[in-house]
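Structures are listed in the sections that come next.
Two complexes follow with subunit A in common, the first pairing it with subunit B and the second with subunit C.
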Partner chain A sequence: MAATESSGRAAAGGRAGAGRLRQRGAADRRDARAGLALTAPSLLLVGIFALFPLGFGVYISLTNWPLVGPYHFIGLSNYQGLIHNSVFLQSIVFTLKYTGIVTIPIFVVGYSLAVFVRSNRKGSTLFRTLIFLPYIVGLVAESFMAVVELQPTSGTANFVLSKLHLMSDTTAWTVHTGLATTAICILVIWFASGLTMMLLMAGMQGIPADLYESARVDGASWWSAERRITLPLLRRSIALSLIISVVGSFLAFNQFFIITDGGPGTSTESVVMSIFQTAFADTDVGLASAMSVVLVIVVGLITFIQFHYLQGDGD
Partner chain B sequence: MASVRSGQQPGAGPAPAGIARAREDSGRRVGRPGQGPGRRARRGTVLFIVAGILISVVFVVPLLWEMFRSLQPESTVTQAPSAATFGHLTFANYRTLLSGQDDILRNVVNSLIVAVLTAVLTAAVSTLAGYGFGLFRFRGSGLIFGLVLLAFMIPFQAVLTPLFLEMHFLHLLNSLIGLALFYTTFNLPVGVYVMRNSFLQVPREIVDAARVDGASVTRTLLSVLRPLVLPGIATSALYAFLFSWTEFLGALSFMTNDSLFTLPVALSNAETGTYGAVNYGLLLAGAVIAMIPCVVVFMALQRYYVRGLISGALKG
Partner chain C sequence: MRRAGYLSIAAAALAAALALSACGSSGTSTPTSTKAFGVDATGVVHFWARQATDGPAIALVKEFNKTHKNLKVILHLTPPNDDTSQLATAIRAGSPPDVVGLNDIDVPTFSHENALMNLTKYVNALPYKSALSPGHLRLATIGSQYYGVPYLADLSVLWYNKKLFSEAGLNPNDPPTNYAQIMSDAAKIQKLGHGIYGFSFAGDCQGCLGFVMLPSLWADGVHMISGPLGNQTANVASNAPLKTMLADYRTLWADKMVPVNDQTQNGLTWGADFEAGKVGILPGDYGIAAAFKPSLAPDFADAPLPGVTGDSYSTFDGGDDFVIPAGASNPSGAWEFIKWVLEPAQQVQYPSLGDTPIRTDILTPSFAAKNPYDAVALKALAKGSVEYTLAYDAVYNEPGSPWFKMFEDAVYSGNLSAGIQEGQSGIQSTLQQVKS
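Entry: the complex of A and B
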């Protein structure tokens, strides 16, 4: 079959001349039509559910849109209001702090795990899978489990910690800002390290083995090979894993909504939670949209800065 | 263990040195005389496996522990742990969840419908788009591709409010199809990217040969290219399924009718006690039910997942 196809192609290629040019023109038009038709559904969906809402959000943010009822243009009032909106500002500060706390541990743990599982030793595939499971299972299910296990008296966390004489078994984790944040950070580091591991491992496996071989011949230590070969060649993967991790942390919602519901007060309310509450509890859609626009800009900036910083120079 | 012992046997002389050095790890330095080089490698393997088991325990045991806890009756889950009752296990939580008046079976089915629909739609739309971007030249191709990838830069969390209003106008709130369309859109950047790469990797000769044979665009896709891009299709469907199954915020925002809640939203309602007192036993069992499809699907298709990560990582 393959043989007849390729001989047919050779015959077609051999027929040169003006007719071929005309055929090419018709084929190009056919290609153009087919290409547009094939890609149209994806553009349609992205247009309806991502691009339009983005523009619509900017529009709404310039109004006092309530969930129901008429609205008026109020210019930049929503944005001016944000500067004095202590709940929103607090949620930004809290989310930045949270992102700052979890990013480095996720990266360091993820990187170490990637070094551990990158070899093709016996068992490494299984270990990879097992370490990755918390990420696959999803933070939502795990947050429900955390709620149960962080209960005073009955929860496993207190049981273990009190047996180790580290904590009283009546510690109420979820109603104390510091404790709740600590517990959620540990949960998230445990949850997300596997993803960083997988991303970095994929990058590490793309580095040619003979680079390490020649470094070894030159007498380079493991550490200097890691520093001089792995780190520079891994820059793209590092950038990607950091962007995914930082943006993911900045958009955190599930764990806070489920475990603390933002409390005590609004002290553990993340930015996305703050937007969610403003839109659906306070039904101030205009203000929530202004918050969303700020969020898009901040996330865009984070991505841009990290991208540039980590892979800008050199190429 | 056994391999350490055999490695310590004095008979291991310098003879297998060449073989051992060829193996990846022991090649660094030839062992001191009298110390078999194979021994070093074997000890390394054992250390690796022991360390691997210890690390895996950290990541897996909490999940297994919660499966165990979900088999305890509510009264045990909410009491101080006591040796007397701790080992009494029962399927009571699961029975209550999957039958009776407050059952969440319907929510499990909702989640399944949305996840499967999202997976199928994502795979279909991504395949068509990947085919178009990968194998056809047309004006605007770059622009459209850029716009589709732009959805990757727009966090769905940030368009939720306007999207809520828009979906209200389109009568897509409280609709499993609406939710699936929303999920599909935000899975498209990854799916389209993976599929475009799949089609770009198809040898040009195969495409040209099909064309010369007079195969139509559709026919080429269905009978010539399909087997070649099937792994990519599996990758995009898998990502979409897992995303949809574990998604919470969108479902929480777009579903207000409790018969249409997906599983995570139903559990969240149970947790905040909308249906009366909070039942932690049920919550654990529900969380375990939410875990199971992810584990099963991932275990079965994980090589496709890793493929996606690799092609995503190259994108960076």
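Entry: the complex of A and C
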């Protein structure tokens, strides 16, 4: 009897549970439909302006598409040609080196600045604004400024360095590979650190103050709190800032186009510059599209790896 | 990141082009009636001009619209580096403009793809055809067919400072007529000291160097690229005037007869040192005359760019050709506008707008008296030339171009033979790559 009652309650409970599940399922479906409806405009725009052009770019890469005139399907010939395209391969190696050089300094400088400005002490807002200003002004204007300031005999860089007896005032920065790359790296670190600072600072300000208070009560040092509280809880912000930094460096164009024009020779030609030259100077849009597809795959892989190792579970 | 944006936009535009291509006409047929074509046209003409040569375009369109009530020209300026890609996209989309002021070196790229209207019978009917710039017309020619007509000239000349010539004991009315004289005059001016330089060049501007150096080869009767399209070869290794010229540039650089900033001069402030009165000789663009300060202008004079060995001169036939894209909706209106621009009344306005007339018969004594600088350029136009190739940008204008690598090796590194070798092999392989 008891068993019967028990099983009856269980059955009743099961029906009620099933009912709740059905209700929740219906609510989930409604939420899903509402979510889809709300994101549909964005998805549509992404489809029209990102996915469709990307797919069409892949199609162009399988043709001998010139700037004007007829074209025909050539299969994977463009991709096969890339394996022996020394200029393109050199541009990839150069871009990888450049990305490797600037990424860590941008992060370290950005993190240090974020630590400095994360509190709301007097003057913080002004300091944040000043550090973020180069990012607002933009790399194009700053690259033109760099061209002026790096001129032999008349530029500020040579004036200061020659006064310090570190360099001749006739040094031609922009036409020597090493010097030009150094100057561009310094410029980009100055430009991009502000964005990293803002991203990390926003993440830091989201960490509850109680955690630091508890750590202090437990006798934790500043460094210990930074290492055991800030860094773990900042993992997603760090991942985001590094991904933005690496992708931005890999797609670098403006600074090289303006300051060195890829020279001397093609020694400072970034991947995107190489694609640009192929499409519009060599008028080979098919080959340039193949180069672009390779670039998309490489950047996608790098981003995936970064996500995998940096994002974690976010706890 | 901006480049990714450009690619997306370009890809979207090209996608639209594919979708719309069925709607657009791509034929190159010529309207039948020559007399009616370009006469009393009506409607709207969409005119695309380059920002680099916007002076005449803006002024002439304004004037044309004032005087033509039934035909309106709408001007669209294409930004630097984007003029060919914008036109190509429009042609692929089947909605090209009616007339384009196209950089003349880019015309073969379009004409050889049947993207332009055949204008042969209309050009042949022009009473002043023989006075049109031969170099500009050549770039619009395939065989005996014309796919464009000269629009404006942007020419290279040899600027010199008469005051510095006098101070150096040189005759200010005797500009150099060969490279040996350039070298000796520059050396004498250099000795003046006080920050004065004998010579100057835009040493990090590939296009500028071609603009002022190639004419001296042409004046000597040699081109660096020879042969018909599709079977072109590089003429570097056995090019004696080229070797002399590169060796002279090396001497100018090594002996510090040019400002050290020349090595990084990318063209943005090209000529500024000459305009400031600090340079004796500058092979440059006629257009810098517009920037002369009135107080210093009397010191300056120009002469034709001499051949390396002398006895002749030439100029780079830079500037634009008018072309009518195949499938243009109002070609008759476009031709009416073109004919109006080529009339003397409009041509004589060019010097004040920063360019040179495209007709050699505009050079009259009264024109020369009113425009002494431009008269020199216009005189040289009759002997002007170009490198007729589909690979001009790739060979000369790209930063990593074989032309510029050769210049760097020969002039900055002082290794002439390595430069010549680099130039011969690099230009030849580029011609093959571009199938020129």
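Just so we're on the same page, the second predicted complex is superposed on the first by the 264 of 315 C-alpha atoms of A that agree within 3 Å, B and C clash if a C-alpha of one lies under 4 Å from a C-alpha of the other, contacts with A are read in each partner's own complex, and residues count from 1 in each chain.
What we mean here is this: a residue touches a chain if its C-beta (ideal position, glycine included) is under 8 Å from a C-beta of that chain, and two chains touch if they have at least 3 such contacts.
Given the structure is predicted, the values throughout are model-derived calculations rather than measurements.
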item: In the superposition, subunit B vs subunit C on subunit A residues touched; value: B
item: Partner chain(s) touched by A:165 [first = subunit B, second = subunit C, both, neither]; value: neither
item: Subunit B versus subunit C as contact partner of A:282, first or second or both or neither; value: second
item: Touching partner for A:46 - first (subunit B), second (subunit C), both, neither; value: first
item: Contacts of A:72 with subunit B and subunit C, given as first, second, both or neither; value: neither
item: Subunit B versus subunit C as contact partner of A:116, first or second or both or neither; value: first
item: First, second, both or neither for A:84, with subunit B first and subunit C second; value: neither
item: Partner chain in contact with A:137 - subunit B first, subunit C second, else both or neither; value: first
item: Which of subunit B and subunit C A:174 touches, first, second, both or neither; value: second
item: Which superposed partner A:269 touches (first subunit B, second subunit C, both, neither); value: second
item: Contact residues of subunit A, present in both the subunit B and the subunit C interface; value: 48-50, 52-54, 56-57, 60, 147, 151, 153-154, 247, 251, 253-254, 261, 272, 275-276, 279-280, 285, 289, 292
item: Subunit B to subunit A touching residues, read off their complex; value: 24-25, 27-28, 45, 48-49, 51-52, 55-56, 58-60, 62-63, 65-66, 69, 77-81, 125-126, 128-129, 131-133, 136-141, 144-145, 147-148, 150-151, 153-166, 181-182, 184-186, 188, 192, 205-206, 208-213, 217, 242, 245-246, 248-249, 252-253, 264, 267-268, 271-272, 280, 283-284, 286-288, 290-291, 294-295, 298-299, 302, 306, 309-310, 312-316
item: Interfacial residue positions of subunit A with respect to subunit B in the complex; value: 2, 5-6, 8-9, 12, 27-28, 30-39, 41-43, 45-54, 56-57, 60, 65, 113, 116-117, 119-124, 126-127, 129-134, 136-142, 144-145, 147-149, 151, 153-154, 156, 159, 169, 190, 194, 198-199, 202-203, 205-206, 216, 236-237, 239-240, 247, 251, 253-254, 257-258, 261, 272, 275-276, 279-280, 285, 288-289, 292-293, 295-296, 299-300, 303, 311
item: Contacting residues of subunit C [partner subunit A, same complex]; value: 1-4, 7-8, 10-12, 14-15, 18, 81, 84-85, 87-88, 91-92, 109-110, 112-115, 204, 259-261, 263-264, 266, 268, 390, 393-394, 397-400, 404-405, 408, 412, 433-434
item: Complex contact set, residues of subunit A against subunit C; value: 48-50, 52-54, 56-57, 60, 66-70, 87, 147, 150-154, 170, 172-175, 247-248, 251, 253-254, 260-266, 269, 272, 275-277, 279-283, 285, 289, 292
